[in-house]
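Okay, so chain A shows up in both of these, paired with chain B first and chain C after.
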Partner chain A sequence: MKVKIENLVKRFSDNTAVDNFSCEIESGELIALLGPSGCGKSTMLNMLSGILMPTEGKIYFDDDDVTYLAPEKRGVGLVFQNYALYPHMTVLENICFPLEIQKVPKEERIARAKKMAELVHVETMLDRRPGQLSGGQQQRVAIARALVKTPRLLLLDEPLSNLDARLRIEMREEIRRIQQETGVTTIFVTHDQEEAMSISDHIVLMKKAVLQQYAAPQELYDEPMNSFVADFLGNPPINKTFGVMNRGKIVLDGGCEVAYPKAVDLDDGHRVILSMRAEAIVVEGPSEAMAEGVIEQTYVMGKEVLAFVKLGDFSVRAYIPAELQLTKGQTVKLSLKNKGVFVFDEETGERLK
Partner chain B sequence: MTKVAKVHEDGPKRTLKQMIEPYIYLLPFAFGIIVFTLYPIVNVVLMSFKNNYDFMSRSFSGWGLENYIYVLNDSYFHQALANTFKYVFIIIPISMCLSILLANLLNQKIKGSAIFQTAFFLPMVTSTTAVGLTWRFMFNNNSGIINAMLGLFGIEPINWLQIAGNNFYALCIYGIWAILPFTIILLLSGLQNIDPLYYTAAKVDGASSTKIFFKITIPLLAPTIFLVMCINTISTFKVFNDLFPLFSGPGVANNLFTAVYYIYYQFRVTRPPRYGRAAAAAVILFLIIFVMTMIQKWVEKKTKY
Partner chain C sequence: MEKFKANFKLSMVFVYILLIFGAIIMIFPFFWMITGAFKTTLEINLFPPVWIPSSFNLDNFKYALQAAPFARYFINSLIAMVGSVSVCTFTTILAAFAFSKLKFPGREVIFTLLLALMMVPFEMLVITNYQTVISWKIYDTVWALIIPFTSSIFYTYILKGFFDSVSDSLYYSARIDGCSNWKYLWRVLVPMAKPSLVTIILLNAISRWNSFLWPMIATINVSNRTLPFGLYAFVNEGGAKTELMLAASTITVLPMIILFLFARKNIVNGVARGGIKG
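Moving on, here comes the complex of A and B:
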């Protein structure tokens, strides 16, 4: 099912949780709603599920206007952050519950619930109660309960945040598998960029109630529209430096000149942010040098060395080949690749180059 | 380091001291328990087996089951037990249903819920005897507010207090009123312990509020309901004080004998006092309450999740 959101606004008494949000989600996709905590992503999810009513704007499921429709009439399956499995019911009863409400005949609902349990791999623990399950198993049951009524849209609120690190990787792949097997349009909320990058078809990145960028993970990484998007994605975090344009060169605070060719036509005196991914910085490479820096610290990591290089007032991370054998205090020449280097306006954060 | 070595050197001595030490700390409290709880209980049980026991001279004619045989054959005791059981089986279900309903209403986020809460909990902080006297006025045949209210619906005045059949219901109404606040407080705290997320989850699935109430709220509240029921059953089995402000005694022609009143009657009212019979009745009442509590515990275990 296609989801279309138009100029959605949610205001609570004194703050705006979601501001003028518009996007279109294609049918059958797995979408990550990504952003730092308090950015409005959970509010967004609650408006999609119908738990919260928006202040302004429209939500369409396919061609139906569902903006003010009650949750039960939307056909959404919701998985809560702490699963909210009913503790007094067995796994089977939990999965059956949505069907029981829809007055599905008993035999049919048990058959459907068992099929769902098989899909999420909990078919061996149907008689247990939630208290006897591990976090990952509870998560699976919660997904089964949300999917059993064959919703048009599956919503997951921070589905992996209550799991330990190893289970988290396993479960995110499971979510991907279940989503692909059922083909249901799925939106999940997360604050973990790695989680969002690894499994989703598209990422909705939000910050302070505003949609920053809606794109495929690789596009978001390669072509961030503003400096927040660039900062938010990537591990190690992007190197963020500030400077001013002077005769086609970027002069970083602290006096280091960077001759980045793509920035050459920017006006003199323009304050900019130069953001560079660590893998986009070439140290002592064959191409023409664009800047000079001093090695501050090196960490041997096996096949390569992570170095901190002083550029003006800033210390940037770069990977250098181990065979170069550079040591602390040495001056090195740097060049920048085309990919992974971005120039933003310092005031607005908008992408310039 | 030296300390550790010492423990090993004279280990046994230390262990003995360590063994005794905790009991010394327990002593002051144990003393209180022994003197004020254990001794009276044991004494009552012993007393119930002493024939013709005299409390003052501590003399008795011999050990035996005479008291039990008398009490178990006494028609007053039969009536007392019948009244008590009837009272418990009327009060407990009605007060539970009312309390669950009221606790749910108080749990809603409504304006002025604080005022309602105070109003419902007031009986708990007032003297039940003083309020019992007020109830006596309210039940009054001619000038009582209850008959006046019933009159508005065209119901003839009911002589609540002075007719043998009616006064039992007056006692029940008063008993329910007196037990509500405590019951509501416990149920309310139980309700507030239920994660509201369960309600949201059920609502998203389209469950009606009735369905949510019976499928989610009641099962999740069940442990609290059982606990409250257990406590209330014990306390209602011991109904006694309520008789005095309402009826100044056991009703019309002794028709409101209750189990505890029977004990009081044998101990204090009859001349000469029958201490042994009072003790025997007390032991029987204890056994009944014990069995009832065990049954409830067993049911609770069966329904536990």
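Moving on, here comes the complex of A and C:
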């Protein structure tokens, strides 16, 4: 099912949680709602499920306007961060519950619940109670319960944040598998960029109530629309430096000149942010040097060395081949790749180059 | 280490002596009541006291039951208790749900006012309840023993505390599945609250069974008396036949002792958890 959101606004008494949000989600996709804590992503999810009513704007499921429709009429399945399983019911009873409410005959109910339990791999623990299951198993049961009524849209609120690191990787792959097997349009909320990057078809990146960019993970990483998006994605974090344009060169605060060819036509005196991914910085490479810096610190990581290089007032991370044998205090020539280097306007944060 | 062990043992001995002493104080009245119920008139008046009665026949019980309609009292007590406790439990569940999960204007204010009412002593309510009972024309009927006790702010407060502790995500989960408030309450919340509910029901049942002041005021005919009032009347009207009084007392407290033995764990847990007074 397609989801279309138009100019959605949610205001609480004194703050705006979601501001003028529009996007279109294609049928059958797995979408990550990504952003730092308090950016309005859970509010977004609650408006899609119908728990919260928006202040302004419209939500369409396919062509139906569901903006003010009661939650039970929307046909959504929702998995909460704490799973919200009923502790006094067995796994089977939990999965059956939504069908019981819909007055599905008992035999059909149990048959459908068992099929769903097989899909999420909890078919061997149908008689147990949630308290006797591990976090990952509870998560599976919660997903089965959300899916058993064959919803048009599956919503997952921070589905992995209550799990330990190893289970988290296992469960995110499971979510991907279950989503692909059922083909249900799925939206999940997360604040972990790696989680969002690894399994989703598209990412909705939000900051302070506002949609920043809606794109496929790789596009988000390669072509960030503003400096927030560039900062938010990537590990290690992107190197962020500030400077001013002077005769086609970027002069970083502290006096280091960077001759980045793509920035050559920017006006003199324009304050800019030069953001460089660590892997986009080439140290002592064959191509023409664009800047000079001093090695501050090196960390041997095996196949390569992570170096901190002083550029003006800024210390940037770069990878250097281990065989170069550079030491602290040495001056090196740097060049920048085309991919992974971005110039933003300092004032607005908008992408310039 | 050795010294520590010795100290530890010594302190444990001290603790146990205290506990045994406390237990004797608690148990002695029951012991005296039950053995006294089997003694003869002579045995009970002897000094120094006779600890163990010479025979364990049920004559005293027979006489006591003949001297006053204790069977009638027992049935009245049972009807009043079951009637008020079951209705009270129902209203408590509904009120606790409304105050905990439903959003309506003035919810907090109303609940605070209700809580403030708990400070009014029961002895004061007796006057207004008496007038109500008279004007409703249910004075000296079993209804007068049931209706004033069909709701309880205190138990509502206890249960609301439990409902508050249940995550709202369960509620929203159920709502998204199309579950109504009513169904959510009975299918999800009430089964989850079972331990709290059992405690509430037991404490309520005990206090109903033992209530004395109100039945004395609200009933007058012998046929409408409850056990505690009946016992009191028996003592006053029956003269100083101590062994018969003790037999009647034994009959009165026996159901509660049995209830306590079966539900001991729930009562103790409930009292420990909520700091509830008995």
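As a working rule, the second predicted complex is superposed on the first by the 353 of 353 C-alpha atoms of A that agree within 3 Å, B and C clash if a C-alpha of one lies under 4 Å from a C-alpha of the other, contacts with A are read in each partner's own complex, and residues count from 1 in each chain.
One rule holds in what follows: contacts are C-beta pairs under 8 Å (C-beta built on N, C-alpha and C of every residue); 3 or more make two chains touch, one makes a residue touch a chain.
Owing to the predicted nature of the structure, the values given are computational and were not obtained by experimental measurement.
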| item | value |
| --- | --- |
| Clash-or-fit label for the pair chain B, chain C on chain A | clash |
| Partner chain in contact with A:98 - chain B first, chain C second, else both or neither | both |
| Partner chain(s) touched by A:129 [first = chain B, second = chain C, both, neither] | first |
| Partner chain(s) touched by A:80 [first = chain B, second = chain C, both, neither] | both |
| Chain B versus chain C as contact partner of A:68, first or second or both or neither | neither |
| Touched partner set for A:12, first chain B, second chain C, both or neither | neither |
| Which of chain B and chain C A:299 touches, first, second, both or neither | neither |
| Touched partner set for A:50, first chain B, second chain C, both or neither | both |
| On chain A, the residue positions that both chain B and chain C contact, one per complex | 49-51, 71-72, 76, 78, 80, 82, 84, 86-88, 97-98, 101-102, 149 |
| List of chain C residues in touch with chain A within their complex | 167, 169-170, 172-179, 183, 187-188, 191-192, 194 |
| Residues of chain A touching chain B in the complex | 49-51, 71-73, 76, 78, 80, 82, 84, 86-89, 97-98, 101-102, 129, 131, 149 |
| Of chain A, residues touching chain C in the complex | 49-51, 71-72, 74, 76-78, 80-82, 84, 86-88, 97-98, 101-102, 145, 149 |
| Residues of chain B that touch chain A when the two form their complex | 195, 197-198, 200-207, 211, 215-216, 219-220, 222, 305 |
